[in-house]
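Next come two complexes built around chain A: one with chain B, the other with chain C.
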Partner chain A sequence: MKNEKILNFAIRFGFLILLLGLVLYFSLSASGFASPRSAAFILQSVAITGILALGVTCTLVVDGFDLSIGSVATTSLMLSAYAMVILEMSAFSAVMLCLLMGAVVGLINGLLIVKFKVPDLLATLGMMFLLIGLQRIPTQGNSIATGMKLPDGSVAEGAFSQAFLWLGRHRFDLVVERLVPVPVVIFLVTALAIYVFLELTRHGRLMYAIGSNERAAALVGANVNRYKIAAYMISGVTASIGGILLAARLGRGDIASGNNLLLDSVAAALIGFAVLGAARPNAFGTAVGALFVGILLQGLTMMNAPYYTQDFVKGAVLVIALVFTFYLSAKRGAGGKT
Partner chain B sequence: MLRRHFIKFAGLAALATGLGSAAFAEMPAPLDKPADVKIALVRYLSTGDFFQSYLSGVEAQAAAIGMDLRVFDSRQDAALQADMVDQAIALGVDGIIIQHGLTESMKDAAQRAVDAGIKVVAFDVDVENEAIPQIEQSDYLLGKLALDQAIADNGTDFTAGYVYVPGIAPLDRRDVAWEEVKQANPGIKEAAVFGTLDNPIANAVANQARSILQANPTINVMFAPFDEFAKGVKIAVDEAGLSQDIKIYSADVSTADISAMREPDSAWVATVATNPAVVGEVSVRTLALLLTGENPGNSVVVPPTLITQDFLNEQDVSNMEELGAKMPQFQHADVAMADWMPLPKR
Partner chain C sequence: MKACEIRGLEKSFGRNHVLRGIDLDLGAGEVTVLMGANGAGKSTLVKILCGFQGANAGTMKLEGQPYSPTDAADAISCGVVTVHQSIDDGVIPDLDVATNLMLNRLTEPGAGLMVRDRALRIAARKVADNMGLDLDVRARVSDLSVADRQMIAIARAMAYDPKILILDEPTSSLSASEADRLFALLDRLREQGVAILYISHRMSDIRRIADRIVCMRDGKISGVFDQAPLDYDGAVTAMLGHKMTEVDIEVVSGGPAILEVDQVLLDGSDTPVSFTARDGEVVAITGLLGSGKSQLADMIFGQKPVRAGQLRLDGQPYAPASAAQAVAAGVFMSSKDRSTNAVIPDFDIANNMTLPFLGSFSRLSLLSKTRQRGAATDMIKQIGVKCQSDQDGIGTLSGGNQQKVMIGRWLLEDSRVLLLDEPFQGVDIGARRDIGRHIRATAKGRATLVFAAELDEALEIADRIIVLHEGAIVGTHENSNIDLDALIAQVSGAKDARIQAN
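Here is the complex of A and B:
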């Protein structure tokens, strides 16, 4: 009886306690870790992968998967740079164009999966490659920057507008002056929005229902296809938001595959399964998962740990989180008590 | 419509090559009939500004001579790259440029090409073959010149952060210069070493550099011998509001790097670079020398150039083309040259 209580407690709060322990450990051993600025860095370093992870959470909820988010983000990075530097559009139109691109990619992903019955992993894998290639076609594989030479011999005159750079670089005052960067605010707002949508609205609950039993959900009248497409569109749009913020921070259109963005955000979403013993995709867990990885990496970097330990640690955290989710939750399920 | 344009282009191209061969009729055999000389560029790495620019240099020099260039792109597939050398042999090319790759996979393939009577040059890959000249941009000198500038600006007493990922050949060669300078100057303290090649590199390095700056507030010099690293460090320095207090020294340059260096109060004060397009041109010229029976030597080194923020500001340079115009040594390297050698038009 007592054991069961401890187990339940471990499943519910184990991960959060681990997180707290890490923070304490790094605060004591790495100078400069425990400060408001440091906290802001951590949030900033996870903001972009966190936003992507929230999108992938939505696809996980409907029992799908989106492998294209990393390349949607880098496509949106290139597209925003292309729109401003070469087409000389305003910041607002560039942002709108990117969001639209994300939504369209999500729509195509959704249609491929729902209408053409392509398995989700394969459809989004195809989309990933397609986008990695597509983003390079307009500039023939070059990065985009003001002053670059165009194929027709002229020089690109446009520039990243200040309003756009503000998205990646401005910091709001909070306790300390110029502390909280805009991407962090956008990350937190997105997390809250996705949380409210998934947990508190009828649509979100239906999406969970579709994820656990598609046929049953269809029988009670849910429009399964429409919800699935919606999930991929949310994922596409959040990924394009991530790309916009990345472009605003870098101030140029760098070609990149975005594979690391994909892996990090999927890891965050999977770690999220373990938070509060949810054992299912959830927005709060995803945000905590992203934060967890961010804190670990920040602390390790501050202690001068070499770069390859970071991948190792990310992997270890993920494995532990998955054990939490699957083994302990299964045990709890077998005990018949929740 | 499209067809008409195409015919016009074809006509222009024919005219251009016609003119080219008329102007340089006295090129030695077999380049007296350059259009019959087929060469192949077999690439291992191709994505990114550097490789794009390298390719444009190869294309420009091959066109200037009038040779028929084929490009094989293995996209980081070592086995495929070796197969592509065999394809080029089967195609009956006269010369091959091997661009990057792994010694293990390319050594035998390169030997097969040499055995088939094909002239081969290698850029930035050691194929361990006497008959094959090595073309290099001197990575050691890249690092060395940047550090010399750091010492000129900051004296021999400073605290440095160093961005480095071991196991990447050019970075390892640049690291040799750093180790040497550290040895020679005990006043230089290395407070932290960090670095990552996670994509997008600049963003990942920025995240790391933020933590490093927080943990080591005494750092006043950042040595980031790769422009993606420098970009990341600059973002972190800007975000930490330290752009007045820290100086960044790097290697490589691109149009985007130039604008980053020229931002008001930019911490990125100097970079050392070889123009990748020039390296491409040198690769083709070395091959051309080999084809005509001249000996370009076992190792052809393209010397790097120091580019400072002050120079860019004084000369109001805003992109790579202007940099080439204002800095002739960046536009053209006087290596692998011959009297008869036609150069690409500027």
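Here is the complex of A and C:
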């Protein structure tokens, strides 16, 4: 009985305690870690991956998977640059165009999976390739920046507007002047929105039901196809938001950035399984998972760990989190809340 | 000779004390039938025996040797083989029959690198012939019927030369002739000295096969019967803790017509089916596997198209294209095979129960947990679900209690037509009575259709019984002083019975 209690406690709070321990350890051993600036830096470093991870969480909830998020984000990055620099559109239209692109990609993913019965991993893998290729065609594989030479010999006249750059670079005052960057605010708002949607609305509950037993959900009258498509559309839109923020931070359409986005965000969503012993995709866990990776990397960097160890550390965290989720929860046996 | 000795076996899940000291012997060459209401702990006992779960206390011995399987494979190599209730655990649907039958050959040490398909098929055909299975061994298992899959699962279990064979409700999806084949096989195994533990709710099976009956109740052995002739009534009493009583049905003839099935053609029949279900009436539709029961239920719930004829709901033409449309029209269905069609394993009782009507428990799409839990708690009380609270995971409940939750789900809101497809599948008599009583008590204001293959289930719940055979109605009976012989003859499709009905 006692062992079981300890096990339950470990499953529920183990990961959060680990997180707290890490924060304490770094605060004591790395000077400057426990400061508002450092906290804001951590948040900023995880904001974009976090937003993407929240989208993936929605597809994981309906027992799907979206491999195309990374390439949707980079497509959105290139598209916004193309729209402003070459087509000379306003910041607002560029943002809207990117969001629309994300939604359409999500819709196509969803239709491929639901109507054409392509397995989710394969459909979104195909979409990933397609987008990686597509975003290179208009610029013949070059990055986009003001003053670049266009294929027809003219020079691109447009520029990133200030309003657009504001999205990536403005910092709000909080305690310290110019502390919280806009992407962090968008990340937190998205996290809250996805949390409310998944945990508190009937649509979220039905999506969890579909992920757990699709047939049973269909037989109580849930429109399974529509919910699945919705999940991929949410994923596409959040990924395009991530791409917009990346573009706004960089200030140019950099063809090579965003390579790590897919793996990092999927890792965050999977680490989220372990938070509070949920053993399933959940928005709170995903946000904490993203933060966990950010804190760990920031702490290690401040303690002079070389940059090339970062992926190794992320991988290790992911594996430990997965063991937490699947081994310990399986030991606890069937059932649980909700 | 004792093939297996179990002493003082205990197991608990959290606060749930499921097994409280089980002592059980299994004799070689003997069929021991294990009876017990759902929640008595049968399934848990089987899971411990076949290595899926460890016990908290107690010892097991196999032919005198201590036995504590570390996992399912270990149990099988010790000679304890189990055929589980959910058939798809026992077969690999994407492979052909031959591979399925000979799967253990492939895992044997020294089996060789290459699969020799010809040899495999010949060996498989031999196994199939021994079992009296008439199957194309090249067929994909996923293309076969449920009954055939079950037989394959059992046939493969035989290939392990078991000392102990555990069968968990093996006949629940078999037709009578298939069940006979199974029993013949069990007789043969009994002669070979295999100890058989047979778990079933079907009295007819038990009468046919049992050498010994062991009853479980609340995690304990409540009765052992091994004197011939076996005391079946005593066994039922030991299982339920009180004497079985006949259910008295006060037949209701029903108010205005609600659901009219008009000249509908079912597969494999040229005779259209027509009947009317009335307000307040419980109509049981019975028939063997393949009689068209499930097809009819699926048509009314919008899962299959109505090809000929018409359905009418309250006088209006009714042609649902999906479950959602049926539910919107007030036609609810509790599906058969709850684990595949109804249970959301990740959810607790409250969320499982309220799933179809989340809209009524939310405002602006935001769910009200309080109202969900309130409704669930009420229904748990009304229908008598045994649980700690509405927040228990659905997986912690026994089969009968899960089924109560699944049926309670559709009683939360008023319906015009309530369809219950095999509502008593894998449900013990106690829970079955609870469900039946509740369905009858709430029957006013809707038409209730119960699709049940077992006659006593139909007799226990219905005002009227309609018998289907090969897609046609062969008999209709008011449920009072029914001529049982005639009913059985109609179900089995005897010629003279059909002439009478026409």
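Remarks
We adopt the following convention: the second predicted complex is superposed on the first by the 330 of 338 C-alpha atoms of A that agree within 3 Å, B and C clash if a C-alpha of one lies under 4 Å from a C-alpha of the other, contacts with A are read in each partner's own complex, and residues count from 1 in each chain.
Everything that follows uses one rule, which is that a residue touches a chain if its C-beta (ideal position, glycine included) is under 8 Å from a C-beta of that chain, and two chains touch if they have at least 3 such contacts.
What you see is a predicted model; the values in this text were computed from it and never measured.
When both complexes are overlaid on chain A, chain B and chain C end up sitting side by side without clashing. Legend: residue contacts after superposition of the two complexes on their common chain; A:Arg252 is shown touching chain B, with no touch to chain C.
Counting the residues of chain A touched by each of chain B and chain C gives the higher count for B.
Contacts of A:Gly315 after superposition on the shared chain: neither chain B nor chain C is touched. Contact with chain C, but none with chain B, is seen for A:Ala222 once the two complexes are overlaid on the shared chain. In the superposed pair of complexes, A:Gln140 makes contact with chain B only, with no contact to chain C.
Judged by the touch definition given at the top, the superposed model places A:Lys149 against chain B, while chain C stays out of reach. In the superposed pair of complexes, A:Pro36 makes contact with neither chain B nor chain C. Of the two partner chains placed by the overlay, only chain B lies in contact with A:Thr301; chain C stays clear of it. Taking every C-alpha of chain B against every C-alpha of chain C after the fit on chain A, the minimum distance is 32 Å.
Residues common to the contacts of chain A with chain B and with chain C across the two structures: none. Interface residues of chain A facing chain C in the complex, by the touch rule stated above, are 4, 196, 200-203, 205-206, 208-209, 211-213, 215-223, 280, 333-338. Remark: chain B residues 46-49, 52, 165, 192-204, 206-208, 210-212, 214-215, 217, 231, 235, 238-239, 241, 254-256, 258-260, 318-321 touch chain A in the complex.
Interface residues of chain C facing chain A in the complex, by the touch rule stated above, are 13-14, 301, 303, 322-324, 326-328, 333, 335, 340-348, 351, 355-356, 358-359, 361-362, 365-367, 391-396, 409.
Across the interface of their complex, chain B is touched by residues 30-33, 35, 37-38, 41, 44-45, 48, 74, 77, 136, 140-149, 155, 169, 171, 178, 181, 246, 249-252, 254-261, 297-298, 301-304, 306-307, 310 of chain A.
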